[in-house]
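Note that chain A is present in both complexes that follow, paired respectively with chain B and with chain C.
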Partner chain A sequence: MQLISSVSVGGAGAATIDFTSIPGTYTDLVLMLSGRATSTTATITVAFNGSAASFTNIYLQGDGSAVTSTTGTTLVGNASISTNTASTFGNLSILIPNYAGSANKNFSVDVVTENNATTAFEQIFTGVWANTAAITQVTLSLANFAQYSNAYLYGILKGSGGATVS
Partner chain B sequence: MPVGVSAWTALANTTLASAANSVTFSGISGAYRDLRIVFSGGIGSSNASFTINGDTSSTYNWTTLEGNGSANSSAWNGDTFGSMANNYILWYNTTGILVTIDILDYATTDKHKTILSRGNNTARAVNAVVNRWPSTAAITSFKFNGNATNFTAGSTFALYGLSA
Partner chain C sequence: MALTKIVVNCETGVTEEIELTAEEVAVVEAAQAQSVIDLAAREAAETAKATAKASAQAKLTALGLTEAEVAALLG
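Up next is the complex of A and B:
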């Protein structure tokens, strides 16, 4: 697992976190985010290769009192919002296996938000981008990412040694 | 790498050139702290499962939490095999299944092993599954069982070791 690139949001905030020119040399991608919104809008959405089309998802969510399951498109989770406890950030992890392959791209997402109160979210997502192109760009959008939001993109390399497979 | 993120070492992986009924990781080194296993692909017409160290006699108890986009459910059961993600994720889907499996402290000999799985299938549901393998033995092999059907050609299976 190798760090490909990282983004740290500065004092002005940012509407997007963008990883571009992703090389096709890995088997899988892992994106990790520590994120907080500057507004009360919590939703983080994703685009691959600049496209927000052809996404489908199902997610399961608990907010501290209720459990719900919903379908959607580009949503990949919530961030902690401006009214949550100060200095708390949500965590989000996206796994995209076979991101450079020629099949549709399936991915999973695990999310928690942080808030020292009765409402905070835990979410799990299954998503697919119905597109056979290799993923070379991943963009996360939020209104807006607050300062100190950090994102890391890792590439996973093929295995050798330590076990055999048959 | 940021603090708190463990290093993943790729131990083995395979992409099926043709459909196969099982895939086994064996000779797993005990040099790591945790294991992560990733399956991405499809299975023909039934559910799949797993077995650890070839153990098909112990009862692997499991609990699931699942959402299909409109309804939520939770279930518990015990079988002589591990529940890879449960039937609803895997059943009758030839593509588009993604399952991640984490096994903490897999090489220890002082505890039963807990297996945490996340099942993903946008045509079906999303879920989280926990299994317990009731053995204190170190895990040295992990087998995916297609049971009544096969994993489809092009499916990928990857094994990673996580170190502190």
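Up next is the complex of A and C:
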């Protein structure tokens, strides 16, 4: 797994984190996020190639008292929010296998939020973007990413020793 | 404060912080609004399910079932 690019949010915050011009030379992508919202809106949404259309997902969630499962669209998890314990950040990891292939794009997401209280979230998602285009852009949105939120985009190579095998 | 996006070009490694256009703001706000709606719908469904379960438990108890029997039925 190789780091492609990373970003750290500055003091002004940001509504979106946008990885563009992603090379198609890997087999899979992994996006890892350490995120906190500046508001009480926890929801992180995703777009591929600038599109938020044709997403469907299903997710399982535990919130400290109940377990629920439901369907959604572009939601890929919760971040820690402004009322959560200070200086805590949620973790999110998105795996996008075969992102440069010509089939619809499946993805899975693991999420936790951090909060020293009775309510915090653990979530797992499975989703599909019904689009056959190679993914060259991944965008995450939140209202808003707080300072010190970090995102890392990794590429996975299928060969041994990090080499790409054709 | 204007909404901004952080754009990382993975080919060049250049990172830019850019103010969102009105169209981009609309897309972000629509996606966030939809996700909030999704969450609210899920919570409403869970509340309705819990309410229905409590009602069923009360009715079964009124019919003479023990708590253990109700629990065995409803899980």
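One rule holds in what follows: the second predicted complex is superposed on the first by the 159 of 166 C-alpha atoms of A that agree within 3 Å, B and C clash if a C-alpha of one lies under 4 Å from a C-alpha of the other, contacts with A are read in each partner's own complex, and residues count from 1 in each chain.
We adopt the following convention: contacts are C-beta pairs under 8 Å (C-beta built on N, C-alpha and C of every residue); 3 or more make two chains touch, one makes a residue touch a chain.
This structure is a prediction, so every number in the text was calculated from the model and none was measured.
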item	value
First, second, both or neither for A:T126, with chain B first and chain C second	first
Touched partner set for A:N115, first chain B, second chain C, both or neither	neither
Which of chain B and chain C A:P97 touches, first, second, both or neither	first
Which of chain B and chain C A:I156 touches, first, second, both or neither	first
Which superposed partner A:N49 touches (first chain B, second chain C, both, neither)	neither
Touching partner for A:T68 - first (chain B), second (chain C), both, neither	both
Chain B versus chain C as contact partner of A:G10, first or second or both or neither	second
Chain B versus chain C as contact partner of A:N144, first or second or both or neither	second
Overlap of chain C and chain B interfaces on chain A (superposed complexes)	68, 70
Interfacial residue positions of chain B with respect to chain A in the complex	1-2, 5, 7-14, 23-29, 31-32, 38, 40, 65-72, 95-98, 100, 118-122, 124-128, 154, 156-161
Touching residues on chain A, where the partner in the complex is chain B	1, 3, 27-28, 32, 56-61, 67-71, 95, 97-98, 103-104, 106-108, 110, 124-128, 150, 152, 156-166
In the complex, chain A residues that touch chain C	4-7, 9-10, 12-23, 41, 43, 45, 47, 52, 66, 68, 70, 72-75, 139, 141, 143-144, 153
Chain A-facing residues of chain C, complex	1, 3-13, 15, 17, 20, 24-25, 27-28, 30-32, 34-36, 38-39, 41-42, 45-46
